[in-house]
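Quick heads-up: structures coming right below.
After this come two complexes, each holding chain A, first together with chain B and then together with chain C.
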Partner chain A sequence: MGEFSVGRKAASFGCMIVGLVLMIWGLAMAIAKTGNTLRGGALVVGAVAFFVGFYLFPTLKHHRTIVNIIFLFPLLFAFAVTVIIPLVLGIGYSFTDWNGIRTKGFVGLDNYMRMFRQPGFLWSILITFLFVVFNIILVNLTAFLLALLCTSKLKGLGFFRAAYFLPNLIGGIVLGYIWQFIFSNVITKFTTALFDSRYSMLSETKTAFIGIVIVYIWQYAGYIMLIYITGLNTIPGDVLEASSIDGANATQTLFEIKIPMIAPTITICTFLTLTSAFKQFDVNLALTNGTGSVANFMGNYLTNGTEMLALNIYSTAVINNEYAFGEAKAVLFFIILAVVSIVQVRISNKKEVEL
Partner chain B sequence: MKTREKTSAVAVKMVIAIIIALYVLFPFFLVVINSCKPTDMITANPIGLEGVSLPQLYQNLKDVINNTHFLFWSAFEYSVVITLLSLILLALFGAMAAWVICRNKTRWSTFIYFTFIASMIIPFQVVMLPLISTFRDVGKFVGIPMLQSVPGIIFAYLGFGGAMTVFILNGFIKGIPITLEEAASIDGCSPEQTFFLIIFPLLKPVITTVTILNGMWIWNDYLLPSMMLGQNGKVKTLPVAVQAFVGSYVKQWNLILAAALLAIIPIVILFLFAQKQIMEGMIEGAVKG
Partner chain C sequence: MKRKLLSVLLAGAMVASLSACGGAATATAPAADAGSEAEATTDEEAPAEEADSAAPAASGEGVRLLNGKPEIDQQLQDLAKLYNEETGNTLIVETIGGDTNASDELKKMYQADNMPDIFVIEANQADTWDGMLADLAGEEWTDKTGFELVNASMGTIGFPYTVEATALGYNADVLKAAGVDPASLTSPAAYADAFKTLDEKKDELGITAVLGWCAEPANLGWSSGTHVFGQYLDAGLKADDTTYIDLLNDGGKVDEKRMKAFAEFVGMMNQYSDPDLLVDGTYDEQVAGFKDGKYAFITQGNWCVTSPDDVSFECGFAPYAFEDGIDTIIAGPPSYWVAYSEGDVDGAKEFFNWCAGDSAQNILVNDAGLVSPFDDCKYEAVNPFYKSMKSYIDAGKYSGWHTMLKKDGLQNVTCQVFADYAQGKLDADGFASTMAQVIQSYYNN
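So, the complex of A and B:
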């Protein structure tokens, strides 16, 4: 301690003490519910002052540790407050009758039992799975074909890549409304002329579902294409040359060389399409808002024909004010997502080894 | 003979590529032309050019910009401020945390690292409801409003973006030789000097990547700001403003599409200038993530 000046020591301890005092005062004001508006500022300033003092702490041996703690703190604090605490609370709330503000009592597994008796929710699970399967296949297929197109010898490749990628830059809400316009105002013009039908695709559950898939491919295929292009470009040129000398035609090259060699890329793209399709919310909200009638699903008439899981959770909690019930659905959603993605990665890794 | 076959194949491919490009860009074209029309012309013929005029575009934009539900300039400003500050803090705090986690192989740092990775699969839906109530309660308790406030939402983005940021940065920092830091330390650099003067400048390429990934996400994000800021609050980001505007209007497509145009333009301009970086950043983020 001898090598540190008195000023440094004073600054360190001074800052720490001032910081602590400010924080304790702020907390006391908060606990006493005085409504003192300075308490928030006091807490923040106190915390900063404390860390400054902590940083100036006169030690050589532990300085590295102190720096480590200060470096980790901001992100970990935000992460704990926004992710970990709500996650733990949320799982807890799902077993209660929480209404978004307070809980009256513990209800055990009631929320979980109830959701399996709700046909609308089961329907949401069903169409979410359908949507995910459709998307994994169609987005990957489209993206892969686009990638093949964009790795062949064409003029203006840079333009095509950028153009195909462009929709991915735009948020789902805006996209959803643009496509709502196209489905209900532009395409109806063609269907009126061709089939004499003025009905929008979005008014019928089946076609509205196809509509969401179309928009999703339009938005997402360009991005997945970029990843496939990167994968295809990693195939060494001499391998392709060797195969063409050996007399392999284009189809053989594609199936025997290109696809096996980009297996890791396929895994990544499948994972990305799976998780993002599963969590799809914005386009669903803006395009159909979950509407669509289903005449008979398990003997029930449903009006949420195109409502996928994420939107179902949102409307349960936020629109219908059933917070605990919505939270229980969200927990199930999380479990399904985790299980499905782990299974997908396992299967893909196995396939990669086989190929 | 063979070369001719090849040129015809190339021509076919070229035609296909152009057709797909037209299909992909067609919605953008529709947005542009229909923002320049009055409503009745849109219902009459949404794909034609009749009725397109610049004064009409000006009129539509004026109506949208001044609309009380949309308030374009205010939403644009909030979007820019929230996105920029979140990105700066994520890059700075993310790099600091990633460096500590990467360079200290203790049980704690490994635990924190794996918690971050595991948390990346948590869907926002699970945490959003308790998040709102926690933020409301904490805000009330300490007297700092966390909902409907810019600092609150930036704090939330710091928490949600942290995991991926640390993950990508960590992969990069691993590749920086530790001898560099040892040399700096022998030359008398303190750990924080080593980080800010030597490591942080080296992270430029990877910070570009995470900034692009986080930027695309934060700029376009709807659910988090709509939950935290509310549809009718004073603070709104662009996606929330678009949703509030469309929700409050009977389908006046000329105005809705003009609003969409306003929401699209900033990001398209940015893309024109930083096309290469954005596309590379998106790829790198995906391949590493």
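So, the complex of A and C:
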């Protein structure tokens, strides 16, 4: 094709070659640990030169594709560096005895077998599922009721919306410490008076678990509420008007019109609460740090009564200094989360059609 | 035309910023880290000023020290300044602390090939760094202290920069007023009598409770799970006696008789502790209570009261005498400075020798409030517990910090058993057997 000048071709190939050479040179220096001041520059200039050359590539047919790739590249690169590569590395590490510093050997599936022999870990899985079930129901219910309240014709709606949403803006760790104070200094005043139990509810596994659920709802319901409000606001006014003309009362409107109309919103919200409840970490860490005892679980006395999966993985790796073992648990966590999410989305999508 | 110009300008700016970032990241990597890791430091200017000299640190122009105690960061910066003035050598202090622990940060630094020349470790972390720490045997300072860290495979690796002690801290004024002689507290029976007397005279003495002992596990697990548990491992033993820690590290075995006696003693502590503090307290409440004279005893170490201005009474240590004749406190360095064998070892050795000398000890003891591990140090620590600590150390009545050699994370398991015992869910036998069971299962799973 004679549409491109020799200059254009030369510039394109020249830039690409120079870019590649520069990048390889920079990487080689990085690997050889020399040229401290040069290698970063070489790498970046090389990458830019390569893309300039790539952009000038003499083709009409694929030019658009090339532009797409160039625009996507930064995002894909960041995604690969922060998500894909660590995931692959993590899976790799889970088969070794990596301690965060060195790998002494390959241990095969030992880490995977070991975690299922650890009663504390099985307990963590169990209560994580329990926590997720509690939260999906309670957060969505609370959030939906709050949304109904905030879409009614109440006075001072803006204030209520802001007030319910506000806890979501506070970080989980801070929230955990604030609620820890409330549970052990304020609530104890009432429990001492009412039930004569002077110890905070955080010192008992069951009540501590309820405590985490309460804090989580308090934190998360406002956020989910906003999504429900958006959903409720998209219901066309004429449908509601028609139903009221047909004589539907408030309950009927709610169950026959509103809820079916916001089925996609419900899908999104359950999905959001499901995954975020599974990943519960910061409140768990700050509020109880996984403490709490279980007198008899599979014949063992457990000391991690409120430790959920994410926290269990963290303490295995960082506190107990068993990074590879923690990685193995994290891989399992990833698989559980992936499976549950896919199943959940599938089911919800079907429901939407039926409704 | 205008639009084209603008887009060219924008693209130019983007490229420039990209390459600027790339260039800076490699050129000043150590310095940039010094800044970001110094989050807890109050004086961020010091590392920033040294940014230019920090880059070639690895090539021997300065020794980098990773400090794990944010509370003495300022004093260490002063130390670095003095070191430079006196010897012309450069010391760069980077501080990690607060909620980030140094060992975790060190792992990142190792992976990033950005290791400091000197860093802080706890005794049980030596094995993680096996083969990577320099042997400091034969250095001048090793003759002046008995507290260096010796490792079987690597030799003398740890420089002790401070000595800390833990036992039952007491308020000497209160004990005196109650007619209790702390020197007599060397048996469970003596403690039972003393606690009873104090408890009966509570109002008269103006104390809320005999003991400020807190078994709250979520935030104070390190206190019960590591320090108080350490008394089971070491109380009454010679500093180099490793009987019970060896037993523990041999698959999590526990000496039943000793654990039982320990359980009885802890039971007594539970009984006489401030009930508001015992299960739900915090470290701040515990220490504040002791400083205000509300408790006669406290289950912490010399770090809980660091300045003589904090207390208006005399402080001292009494042993955890859960068996007859136990008369030692636990004293020793809780952590050490070690030299990275691939770093500037000579620079590190030179600094250690200087640091054991007079001018450096002056800063560490008088400004940082540390207790010197060196025999020839002529400065008396300002710590209110110092006198009592020194009398035990001089008499040879101190045991080691072998609790630091237990398996990583064991404290999070044992602290819960302490908490359950404090809440009354377990009795003394239950405590001893549960302790044995959870430790065993922790070691074997």
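In this section, the second predicted complex is superposed on the first by the 276 of 355 C-alpha atoms of A that agree within 3 Å, B and C clash if a C-alpha of one lies under 4 Å from a C-alpha of the other, contacts with A are read in each partner's own complex, and residues count from 1 in each chain.
The rule we apply is simple: a contact is a pair of C-beta atoms (placed from the backbone, for glycine too) under 8 Å apart; a residue touches a chain by one contact, two chains touch by 3 or more.
Please read all numbers here as calculations on a predicted model, not as lab measurements.
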Worksheet item: Touching A:I210, do we find chain B (first), chain C (second), both, or neither?
Response: neither
Practice prompt. Using the superposition on chain A described above, determine whether A:T37 touches chain B (first), chain C (second), both, or neither.
Written response: both
Practice prompt. Mind working out whether A:G290 is in touch with chain B, chain C, both or neither, as first, second, both or neither?
Written response: second
Practice prompt. Return first, second, both or neither, reflecting whether A:S152 touches chain B, chain C, both chains, or no partner chain.
Written response: first
Discussion item. With both complexes superposed on chain A, which partner does A:G100 reach: first (chain B), second (chain C), both or neither?
Written reply: both
Worksheet entry | Partner touching more residues of chain A, whether chain B or chain C | B
Practice prompt. Name the contact category of A:R117: first (chain B only), second (chain C only), both, or neither.
Written response: second
Discussion item. Let me check the overlay on chain A: which residues of chain A are in contact with chain B and also with chain C?
Written reply: 30, 36-37, 39-41, 43-44, 100-101, 185, 318
Worksheet item: Contact residues on chain B for chain A in the complex?
Response: 10, 13-14, 16-17, 20-21, 24-25, 27-28, 30-31, 34, 42-43, 45-47, 89, 93-94, 96-97, 99-101, 104, 112, 115-116, 119, 121-134, 138, 141-144, 155-156, 158-160, 162-163, 166, 190-192, 195, 216, 219-223, 227, 238-239, 242-243, 246, 253, 256-257, 260, 263-264, 267-268, 271, 275, 278-279, 282-283, 286-287
Worksheet entry | Contacting residues of chain C [partner chain A, same complex] | 15, 18-19, 21-27, 55, 103-104, 107, 110, 113, 128-129, 216-219, 221, 275-276, 279-280, 407-409, 412-417, 419-420, 423, 425, 434, 437-438, 441, 445
Worksheet item: Once bound in the complex, which stretches of chain A touch chain C?
Response: 30, 33, 36-37, 39-41, 43-45, 48, 99-101, 114, 117-120, 180, 184-185, 188, 198-200, 202-203, 287-293, 295, 300-301, 303-305, 315, 318-322
Discussion item. Which stretch or stretches of chain A touch chain B in the complex?
Written reply: 26, 29-30, 35-41, 43-44, 63-64, 67-68, 71-72, 74-76, 78-87, 89-90, 93, 100-101, 146, 149-150, 152-155, 159-174, 177-179, 181-182, 185-186, 189, 218, 222-223, 226-227, 230, 268, 272, 275, 278-279, 281-282, 285-286, 310, 313-314, 317-318, 323, 326-327, 330-331, 333-334, 337-338, 341
